[in-house]
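Got a structure here, written out as structure tokens. Questions coming.
When the chains are written out, they are named A, B, C and D in that same order, and each has its own residue count from 1.
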Amino acid sequence: ACGNSDTGSDAGDSKGDGQIVLGFSQVGAESGWRTANTNSIKESAEKAGIKLQFDDAQQKQENQIKAIRNFIQQKVDVIAFSPVVESGWDTVLKEAKDAKIPVILTDRAVDSADKSLYKTFIGSDFVKEGRLAGEWLVEQKKSASGPVNIVELQGTTGSAPANDRKKGFAEAIAANPNLKVVASQSGDFTRAGGKQVMEQFLKANPKIDVLFAHNDDMGLGALEAITAAGKVPGKDITIITIDAVKDGMQALADGKFNFIAECSPLLGDQLMDLVKKVKAGEEVPARVETQETTFTQEQAKAALPTRKY
Amino acid sequence: MSTARTRLAGVTGHRLFWPLVVLVVLLAANTVYRPSFLSVELKNGHLYGSLIDILRLSAPLILVALGMSLVIATGGIDLSVGSVAAVCGAIACLYISEQPDQNSLGGVLTAVAIAFGIALLLGAWNGILVAGIGIQPIIATLILMVAGRGLAQLVTSGQIITINSEPYKTIGVGHLLTLPFAIIIALAVTLVVALLTRRTALGMIIEAVGGNAEASRLAGVRSRRITFLVYVVSAACAAVAGFMMTANVSSADGNAVGLWVELDAILAVVIGGTSLIGGRFYLSGTIVGALIIQTLTTSVYAMNIDPQTALLFKAVVVIAVCLIQAPAFRARFRRRQAPGVPPAAPVEKQKEQVPA
Amino acid sequence: MSQRHPVLTMTAISKIFPGVRALDGVDFRLFPGEVHALMGENGAGKSTLIKVLTGVYGTDAGTITLDGQQVSFAGPMQATAAGVSTVYQEVNLLPNLSVAENIFIGREPRRLGSVNWREMRRRAQQLLARIDLHIDVTELLGSYSLAVQQMVAIARAVDVNARVLILDEPTSSLDADEVAQLMRIMRQLRDDGIAIVFVTHFLDQVYGIADRITVLRNGRLVGEYPTAELPQIALVEKMIGHELDALERLDSETDRDRAAIAAGEPFVAADGLGRTGSVAPFSLTIHAGEVVGLAGLLGSGRTEVARLFFGADRADQGRLAVDGTPATIRNPVTAIDRGVAFCSENRRTEGLVGELSVRENIILAMQAARGWLRPVPRRKQDELVERYIKALSIRPANPDMPVRNLSGGNQQKVLLARWLITEPRLLILDEPTRGIDIGAKTEIQRLVAQLSDGGMAVLFISAELEEVLRLSHKVVVMRDRRLVAQLDNDDTLDADRVMRAIASGAEQEGLEKV
Amino acid sequence: MTTTPLAARGPRAWWRVPQRQVPVLATLALLLVMYGIGVSQYRAFSNIQVVFNIFIDNGFLLVVAVGMTFVILTGGIDLSVGSVVAMTAMVSASLLGDGVHPALVLLIALLIGPTLGFAMGCVIHFFDIQPFIVTLAGMFFARGMCTWISSTSIPITDGFWTSAAQERIRIGENFVTVSVLVALAVVAVAAYTLAYTRLGRNVYAIGGNQQSALLMGLPVGRTKIAVYTISGLCSAIGGILLSFYTLSGAPLIAVGMELDTIAAVVIGGTLLTGGSGYVFGTLLGVLVLGVIQTLITFDGSLSSWWTKIVIGGLLFAFILLQRLVGIRKK
């Protein structure tokens, strides 16, 4: 802000008035969940009076690293980002640290050995989500005498949510040897993928009792395949999903789904809190979990009218 | 016996022979894995079974690949088809979702018409860039490939628009005469394109432009107009494919609809025997190519192949199809035999040789 | 002479393409220090023989010995390495590289392993100077005319240390000067002991330089003769396979009433037509039934004039009237609409669509004019295509063969057929007889005379002055991209006068100055 | 005899830019304009480090694009580059994870890409199959190998790799990384190869007209196989640079990179039909993409979809101007 007053909306310029500048690099806009996440962050930033430098990485780690470098150049106050993948952040995080810019991870973790590279992590526990789904199933089927055949629609291969949800679910259902995953295949987190995979599951496995989908969208796609096969979703096949986006909640309320473990994208307010604290140099917990719950059909009916996304 | 052999040679020499063999092999492999793969039953008056799924799911790819064939025939390429499909699907779904009665046929038709109109505009945009401004097709369409995805998400505001419209759903999962409606649309469009190109002179003119644009121009062909036209047709085909993809799941996901379909379409076209250099194109080959690719995808799901191996599997099949089709490859593995040549005419005059 | 050993022998060579027996047991011998003419009609198999020799195609039967050793080249690279240097029919160079590089690529002068550009330029300039070609060797080859490219190709082939030099129709796009240059070089090389295979359709060139002649017909060897023992007439008879009665002279046919033709309204009249950087403004009229010949050295701008009439390039000055009414010819489509047809000189890049069949290439212009919605009915196609295949004796007479697989001369005929079926009112022929055998050439000349008798206007461009003189009613001379003289083709006009006009403009002779 | 009119053209004036270089110069001018716009809009843009960051962030892309330039110059295309980059990074990461010596890892990683490229080149040449298809299969293959090695990302903790990644080469106030130097070296070597070696000239020749090149006795097959091998090598180098950059190997990294690379090459003025273009142009093409992306990050107010639309729009504006400038000069 020295003599160069007509330079536009540069982040550096606004520092004079004490407004906090947050550089945020989002994974992309690959799903409705992600968009809700982005919107929540944008709204909360506005509410909290934080200036947001938003960048969309379009699902590419390279882009995120570039964005973080540029944030450093712009001398933002805090950097936050949802890492596309777990590994490979050390170099750029070191640069941020050298520039004395604190970093907050959102939604997904990184595997850096050096924990001092970031201040804190805020997001969901994917393993827990999988476990909650599994535990509910174990509870439901505890009286089942014969084998219960489960098919699993995985998320994008290798992605953290897919790996963790699969892991958590498997851990939970290990409690009952009757519960058996007979087929597990990636549906890429999309409805079309979910539908196409489910179609083949249905043809290959004459008896499917339970469907566990790693997100609502795949579950919704699978619904169509199940209906087309002449089965009744929610009755002939028990459907468990994760996320609780609006369409999923609707299906749950309609009795087509049986259970959803929530994975909330609405972490904007919590994030802005953290940003302020970090900026002020306050101590923050190393890990903040988003407030999440689970829904059964009845709970869904009750919650639906007030759902934000 | 020799006629039988020549007839056999005629069959194996046919352009479609090897692609069809590959298709059959793929189906056979599936049947070995799961004998019920080929079974088709009648459920609620619809045919039901993996084969039917393949047909239904290949419909959008067939459409996109048809348009792509024409573009490739002119020596171009259209990378934007996936994005165009996404934009059009999104617009149609958005319009329908805003209707008070989503099941009204009029509303759905209007939605489809609006989206189709947009597709024509997008195609015209590509056409102008390529034919009018002279930008290399791969870059010209790359622009819309990138920006189109953004447009689709802009339309859906980054959300998935879910609709509940029976008429629209019909496009993707409906049935007509027990067959999936989608495949009937694809066949109808194929028929129209085939008639337009092969019953009129359009096909030949497209091939002339692709073979040698300057020579065609000097022969009085309006090369630019033809080039422009194929991009519009390609976008139109992509739009219909977009309707099918979104109708299939009754929702529009600006990010996922038609993702990477351009690669599959190009693959289908090339497997079908059309050269990327331009010139001759073969619609029937394209359709077989599309069926091969969809069968491959379905096989991966049906045989529960994990996604890691799936890509390796695809690589192997693609190379195999292209190798056995390549004359150079076959020549190496065929024992030398006298090619069928008209017998030499009787020598008219004795050779004269004058000593050196 | 009989004790000498041939440097090259080819024995019982056969080559079969799908559906065509291009070579059938052909023998060929070549001695050091001779120019050996390889003669035959279009499609006789001359180019194929050469390509088999240099390994572009594999043989189906037969052996090749070079210097007494049996060889079988895997490709031109090996052939060149073994001392067989070739200029193939149709210029086969790289338009995207500079002239200098086209001459030296593959054997660039190098210094410390890296290409020495300066040296390459210098040597290229030197080499081209030897054949009297003074061009900027750093320019892209593609920016020069076909003739220049042909000369560059020859320069490239001549420069290597070869024992066998093969020239497949090197003179087809050259004018008299260049041909003379080439002959001079060939003699010099022959005297150095190099064996030269020379393919051409120009009999005078053969008799001017060849020591020996081998004749092919329909893929078979007819015979091998010392030039001195084979009179021209006999040669032609051997090539075409029957008596020469069909080839009587055309002179009488062009004796038509010039005044009568010129009396009427001109079909096209150009008034100050021109294009900056391409042709200086010129005025020219062509009447119905008139043949106007365009003469000039290579690069004199004849092709450019033709392209302006056809709208292939857009004129930026002057006016054009067709049938007495002003016409704006913006592009080929409007030109064709007004009845103009243009048979371009470079058939490979501007004429034919190689992938398409003979049939499709022939009907392309007609189809384009009708619009794609109204396809030419199959029956009509068959009839037209068959008629012209016969009339121009296109071989093989298979309408469904890709035109790319036709021999050079036959391709030219296909191009001509394309325009003839559109029944134009003005036919522009840019080097229509290039690479065409003597029988077909006469055929085309007769056709031109016939067409103009029938009222068609013809603009005829040819490097062969005699041909121009024989056919045209009026000869227009170009020089340095401007029209310098228009000469009525009366009894007083002969090649000498035209040459003088070409060389020095119109002044001296007091010719009709433009 | 009179001299032919062909002699008429005099020597070229020294200031006249050769036709062939017009597109590259147009690109350079436009790039500078674009950079100027960035500087005038965002103050931090004028930091030298921003420019260096563009090089740091696009070093691997540059190397891969150089390889692609060779392929495109012959009129071919190589779609496998993105996957080969990822595969190289994955192989390095997993071998390092297994405790293999970094020198050996480097060697192996540098061999895989060229081997695959060589194989693809052979199939393309000997069986005359279109490069698009062969390299697409190569792309599937390499990507499949990535996920086969591991379906999740593998971190790299090896000392050599980390120091190569984090070493900062100071230039005054600012710094570049090892990758930048490697990338620039690759550009220099490639430019030399194309301009001053027979291989390089043969590459142009094949792009001009493969048939003619064959008839002129040039080693067409060898050259074609060589360019795909070179492209494979560049992808391998790019893969290693990427593994420096991210210090990990991830199976889904560099997805769609082939399109970025092709775009960079074409924006740099190389014709997809082959035979015309320069490595320097490719460098400019990569910088153009880098500047576009930096502009967007600096803006920081675009939503995800507007980002894509704006990238498309800038690409369009750039290519349109490039054409207009190019035509004007002609």
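Keep this in mind: a residue touches a chain if its C-beta (ideal position, glycine included) is under 8 Å from a C-beta of that chain, and two chains touch if they have at least 3 such contacts.
For reference, the UniProt names are B = ABC transporter permease; C = Sugar ABC transporter ATP-binding protein; D = Simple sugar transport system permease protein.
Owing to the predicted nature of the structure, the values given are computational and were not obtained by experimental measurement.
Colleague: Please identify the chain with the largest separation between its CA centroid and the CA centroid of chain C.
Modeller: A
Colleague: Across the interfaces A-D and A-B, which one involves more C-beta pairs in contact?
Modeller: Counting C-beta pairs in contact for A-D and A-B gives the edge to A-D.
Colleague: Using mean CA coordinates as chain centres, what's the chain A-chain B distance in Å?
Modeller: A distance of 36 Å separates the two centres.
Colleague: I'd like to verify one number: the distance from the centre of chain A to the centre of chain C, where each centre is the average of its C-alpha atoms, in whole angstrom.
Modeller: The computed centroid separation for chain A versus chain C comes out at 71 Å.
Colleague: Rounded to a whole Å, what is the gap between the Cα centroids of chain C and chain D?
Modeller: Their C-alpha centroids are separated by 43 Å.
Colleague: Spell out, as numbers or ranges, the residues of chain C touching 2 or more other chains.
Modeller: Residues: none.
Colleague: Quick check on chain A: which residues sit in contact with 2+ other chains?
Modeller: In chain A, the residues touching two or more other chains are 28-29, 35, 38, 157.
Colleague: What are the residues of chain D that contact at least two other chains?
Modeller: 147, 151, 303-305, 307-308
Colleague: Could you list each pair of chains that touch, in label order?
Modeller: Touching chain pairs, listed by label, come out as A-B, A-D, B-C, B-D, C-D.
Colleague: Taking the complex as given, what residues does chain D use to touch chain B?
Modeller: Residues 123, 126-130, 132-134, 136-141, 143-145, 147-148, 151, 259, 262-263, 266-267, 271-272, 303-313, 315-316, 319-320, 323.
Colleague: Quick check: in the complex, which residue numbers of chain A touch chain B?
Modeller: Those in contact with chain B are residues 28-32, 34-36, 38, 157, 183, 185-186, 188, 190-193, 195-197, 199-200, 203-204, 217, 220-221, 224, 228-230, 247.
Colleague: Using the touch rule from the top, collect the residues of chain D that touch chain C in their complex.
Modeller: Where chain D meets chain C, its residues are 1-9, 11-12, 18-20, 192, 195-198, 201-202, 204-205, 207-209, 211-219, 275-276.
Colleague: Given the complex with chain B, which residues does chain C contribute to the contact?
Modeller: Per the stated touch rule, the residues are 1-2, 4, 6, 16, 18-21, 24, 27, 29, 31, 212, 218, 220-226, 229, 241, 310, 312, 331-333, 335-336, 342, 344, 349-356, 360, 364-365, 367-370, 372-376, 418.
Colleague: In the complex formed with chain D, which residues of chain A make contact?
Modeller: Touching chain D: residues 4, 7-13, 23, 26, 28-29, 35, 38, 52-56, 58-63, 65-67, 69-71, 73-75, 85-91, 94, 111-113, 156-158, 160, 163 of chain A.
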